[in-house]
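Okay, so subunit A shows up in both of these, paired with subunit B first and subunit C after.
Now for the complex of A and B:
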């Protein structure tokens, strides 16, 4: 009897296995020469294809990357190119601001069509916006404070009205430009269907799986489970029209195996199973220098990629010892050995702070030109200045009074922790270096690596006092940067905001800086702009509410050329950004890929 | 006692184990004292995983007095370093791409090869179908080849008021004696991912790990011994209760318990000694069980009954009449507990649940960081292999001592 039951069970399992394997398109054998494999973007199973929803966990199809929206399946109006700041038409053909920056009129491309053949119209844009605001999805909450309304003025034309402040000036035209490049458009007819089947309930609309979604991009869903995600090219894609790309993208399939962790993805890249790898790879040059693999990065020499952001250690201003002692904040910051961080944690995939002195800007030429370097040269520091830090603390009266080797403030030993999520190796290494600096200047700093789910609830809580020094990265590149990033560093918009993913995680308040930040979006005169940014940099470097530890690409871009070649490279003169062939104008690379040999 | 010790040291197994362990202890004590003092966690290297070897300061070497040595194979070695056989094949591949007739060319004739290369290589050329990686390879090759053809003398320039002043010139036949160079650093085991001297860290970590093992061993043995003695000697309800608790602890895998406790304590509280205590508290069960069974076989012996009749107290009977008979066994159990305590720390740290970092190095933490930085896949064996070897040596020596003791004290094993 037992045997029969066991046999039956085994049989059931076999049948079940077979059933799942044949339930969908067969992807066990995708033709290698037609498939572009990715790593480092999709973690875990895809939850939904609903472009109007939230928590889709669908990185290949729905992802507002830090350097442009991923337009494989859903498209934005325009594409951003962070290499030169260009804004290039996609669904949109052109846009024009009025003189006082209160509204921008946009013309859609004639050729732009949905996958069902119907044209993309102004009504689609208006419907996408109205419903986004109503249900509060990412687009609605991100741009709701800056866009008042979108009004269709014809089948292919519409006007975006900025929100106005009390004096009738637009709140932030920069953010409206961000909307043009950063927010995907959905089809009005499909949105109607979506709203209707969920009875207009915001929460259920946001969580609708959206299996029947209508797309406009060059790829669409083909297969997805807990092992891999595959997109297939839509050969009727409107973009093959001469007014857009003039052709279809080269790979027929876009596939992303879901790896357990970074090392697994790295091994797959080495084995040639992955073509484009968006993962940090320590000592990436060893892959070609030592192992002789056909792998390359955007630049052949360090820093190998384009650094657009700077992972930063934030001081928690809820702790009096940090809030009341700018000298302590600055002393720790100047004592930290950044060269070690950059060489260890980033394995030199970042310019040093001697090459690109610290400021509020990322290391791109465009942003670096936005402030007066000489005016703040005296305030900057390259790090590892132990004597300077000790002198600064002694002068501020933060001394060791009880002879235990640690300094005290108000009679209590200064004891801080340096925190980042567990498993984020390069950040953990940075925190170790920060702690080592504390040791040298008599300030006790111990490292702490909580699990990610704990970390994210604590550091986004505006009242937390558990973490003293903790890490997070500000924004990378978009049309509204560096303003957005400056606002994250010094602005008070986000102070006290619950569940704060937006900025100013240290809760630093400076009225003077905030007033300057508010002026920037409406300033068009370049000299005035430069002056504002210089003043803000001065405040930042004097007050040190946070300090950046390294520069870092927002997307890593290592490619294995075993199968595909002609990926964007720094010296090819094409100015296609190294955005994994997927984000913003980076997708242009997909149209120019070639097979090896 | 003296006799017992003599007997113990007569056992060759015990002796070997003891010598290894003593040498490890001696190294832990003397190495930082005499050879390499200083903070074991100091990050001397900027960069990850410098390989083992002797590092000579290039800056100081330039300033050191030179001798001229005319070594016959110096040029060949230099060329071989800059241009491998595979590179020669690659050069011929490039000539093939450029449609140059190489049938006459001898690949071992460096001069001819180089001449042809300089005539035909241009980094700006992008041959059709060649990958970026391959083009980059040729650029690097070109750079390397150019060094072969560089002049016989290199000049070291020194910036002085906007102009470069020559400070010294180096020719191909200049040699310096390593002993004369001001700064030479021997890193027998290279550096780890933080640029720390691995050997120095390893020695310090071994010390910490042994302390963790000792604390864990003492705690586990004390708890196990006390409970085992009570359960075995008192018997009855006390025995039932203690065995009930012990059995519960036995059926829960102690490592799972260890993980759960370490996790819930939180990293902030997890110092080396706390981790040691936690290990001790989760690994006492088998000591308790075996002590109990030994005691049960002892408790009805005549001398124990005599003591009972004389009205001695429970504590006195246990301490004077029972403990001495199982002392040898307890010592052996203790040694095994120490060994497994060290292993448990390594396992815990490997999972990221060990002592908090920055404060003290432990063997487990060293492995944890090596693994986080993929030392095992990028070929940096020196960051983890010596650690594994040390752990193996420690537990090998402890186990050897244990087996030796067993042979001495266990009548069935006695020769």
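Now for the complex of A and C:
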């Protein structure tokens, strides 16, 4: 019997070993002092390294983050810094718009090279663009409506031609600038190979795993399985040229363990198995104040990070009671206790609406300066104004006529639901606060938490009447913001669009606002721009087609400094954004890390 | 011999009928969810896209690629046709990965975690239960409440308790994963040691919960058997206690064998909690993420595996029963 058990155990161990993929790499253990560990980015097995492909889940190598493209392996022309709005050269050296914003000329860096030593040329950019449009990958579909063509004018120079509308004006120069910082460039020679081996078939090209891909960035793939993905530094990286970084990034390996959920990643951060954690951690300050761990965030004090977006409750305008009663929309919004939401749901990782009054802007200084605060001061509300809300409803004639404690509209009880996906705990806590506000002002609001797959099907349906008040976040930061976000809040383009992932989920139509939004991309005069944004904020605060519940970072940035230190911090004067040391100009952090020892 | 053939013929027929019904349900049930997985894929791709018509194009392309724009009946026949070719389809949530690829990379971990855990839990539980029945006195007084308590601890409660105590508080076990966070799989003792140490917590979280239930079942069966006439008669005859315990164990074990077979059949579902809490790779967590993403092909494939495993195990059980319990064989052939 003993022998059988022993044999069985041995067999199990062998199978267990067989279940893991084997690496033909030179190291079996990643030296801790050469490896930077991440959590909160990669949630599944890496499927593809094909930079021309689509539906990528390769979060460490191929990811257009909400605050800049991730340039560890593939590089964009420029990097965006959301701290100050700067656009910094990467593969590109400089760019210049012509006067009527119909074309932008770009010069590539002389030193920029692919991993095989060949130079990055204008031909690479042109090929990347042409094939992207042909096969309809992310770049092609994202920018196809705004870029007409890219034309090489020399080995290192090219011109991007904007798409023009019927009057010969560029459709949207802001989105073309987004392309400069948001779209990675692939090597023309490799693209030719990719197209050829897939017989030119778009779907096959998009699904090609791209194992042989050529990269230009400082890291490349080293190992990946169901449990982790590891990138290794390319010591021949062109960026060590003085015209770029002048050195190599410090960590030799970038590793990301694939955790099952947030709590697992948080545990690993506490245990020092993760250095950079992109996850929401409730009461993050407890990690250093109470637990005494060497963990820190971008700012030492609340809100601890840089908030770039604002999770928002959208009113469903398909429901007549909401569409026809701006007073009801505003009354609910001013009755909600935002301080409770920010203290409980966000554990104070958001500035309050008293600190940063609500508008269409995120709380960064750059965006806040884009509208006239005084002009809309009278329209503001900080929340928890029950009396004001009650007066507003009474005045609008939305009163309780049958004495059941609930107000009626057209003889029917006003009964709404407040919806967000199940398990999104901070959002669920917010929806509870919204429902409680309804209670206090005589408007019945019940919470509903469907599973995510159902939620996303319903809220992207332009004709849905199931959800009355539901949550979603607008865009965070990019060169085209706040225009993109304003368009999401008030723009007419997305009304009635099936599978609407783009914006205006409440289906709110306002012709005046739409006309103002359309002027913004072509307005370069700062005062005129400020005036447009102020008018739009005024409309937004008067009409209240939606209301933001809190501000929120688009990337969380908690770092454990037991092995690595000198991470970017708000007060260090370097202006490196807290973008997890990977996104946009945030990658600059990798070049300045130091070992604690 | 004729009895055998008739009996097995009948069994196989029922087996096939159940299989067909199961395949139909496996196909239909996930698709009845009011969720649109193609919309989710589109959403992943469309983030940052401001051009609404471009998003539409993407949606249409995926709809055509996955065939979700075809009538359900047509989709079903494609599904069945592909099944015959051993093609389980392409995953929605891990597109463009093949379902068979996802399953083959996960199933090894699940079997290695679950099979030994189920067997060890079963063996320990039965031995303890039999001992409790036989020794009684103090042993039984302690074992019964402890076993009752353990069998009622929910699997996730046990897993979280073990995780907090051994990994977080005392730091003597790793937190997550199938091997150390700083290792790359290779053929070395260090790696093997790492696999074994990561195996401990998920393994014991399953074993500890299953011991209780098995022990309680075995204890009451054994007490019943110990009072049976044949035991008393054997004692009168002066047969040694050891020998008698052997008889008792064999008889009391019969229902327990059914339990064992069923837990082996359903082990993929059983692995879910341990795999999620310990971020352990395997089919349980694969199935969970498939369900939350409305990934029809992956849900259908994992539930199909469970169905087939349960069917095969119960089929084998019917046959084995005949051998281990002659009473059952007699009853089967009479029928």
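Methods note: the second predicted complex is superposed on the first by the 572 of 597 C-alpha atoms of A that agree within 3 Å, B and C clash if a C-alpha of one lies under 4 Å from a C-alpha of the other, contacts with A are read in each partner's own complex, and residues count from 1 in each chain.
Rule of thumb we're sticking to: contacts are C-beta pairs under 8 Å (C-beta built on N, C-alpha and C of every residue); 3 or more make two chains touch, one makes a residue touch a chain.
Owing to the predicted nature of the structure, the values given are computational and were not obtained by experimental measurement.
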{"item": "Combined model on subunit A where subunit B meets subunit C, clash or fit", "value": "fit"}
{"item": "Which superposed partner A:288 touches (first subunit B, second subunit C, both, neither)", "value": "first"}
{"item": "Contacts of A:478 with subunit B and subunit C, given as first, second, both or neither", "value": "second"}
{"item": "Which superposed partner A:343 touches (first subunit B, second subunit C, both, neither)", "value": "first"}
{"item": "Computed vertex angle (subunit A) for partners subunit B and subunit C, CA, steps of 10°", "value": "50"}
{"item": "Which superposed partner A:406 touches (first subunit B, second subunit C, both, neither)", "value": "neither"}
{"item": "Contacts of A:259 with subunit B and subunit C, given as first, second, both or neither", "value": "second"}
{"item": "First, second, both or neither for A:226, with subunit B first and subunit C second", "value": "second"}
{"item": "Contacts of A:267 with subunit B and subunit C, given as first, second, both or neither", "value": "both"}
{"item": "Touched partner set for A:425, first subunit B, second subunit C, both or neither", "value": "first"}
{"item": "Comparing the two partners subunit B and subunit C, which touches a greater set of residues in subunit A", "value": "C"}
{"item": "Lowest C-alpha to C-alpha distance for subunit C against subunit B (Å)", "value": "8"}
{"item": "Overlap of subunit C and subunit B interfaces on subunit A (superposed complexes)", "value": "267"}
{"item": "Residues of subunit C defined as touching subunit A within the complex", "value": "33-37, 39-59, 61, 65, 93-97, 102, 105-106, 108-109, 111-112, 115-116, 119, 163, 167-168, 171, 175-188, 190-192, 195-196, 199, 275-281, 285, 289, 292-294"}
{"item": "Touching residues (chain side subunit B, partner subunit A) in the complex", "value": "41, 43, 46-49, 129-134, 136-137, 139-140, 193-195, 267-268, 352, 356-359, 372-374, 377-379"}
{"item": "Subunit B-touching residues of subunit A, taken from the complex the two chains share", "value": "263, 266-267, 282-283, 286, 288-290, 293-296, 300, 337, 339-340, 343-344, 347-348, 417, 422-423, 425, 428-429, 432-433, 435-436, 439, 446-450, 559, 561, 565-567, 569, 594, 596-597"}
{"item": "Touching residues on subunit A, where the partner in the complex is subunit C", "value": "8-9, 12-13, 15-23, 25, 27-30, 32, 35, 37, 44-45, 47-48, 54-55, 57, 64, 66, 136, 138, 141-142, 144-146, 172, 175, 182, 203, 207, 223, 225-228, 230, 255, 257-261, 264, 267-268, 270-271, 273, 451-454, 456-458, 460, 475, 478, 480, 484, 487, 493-494, 497-503"}
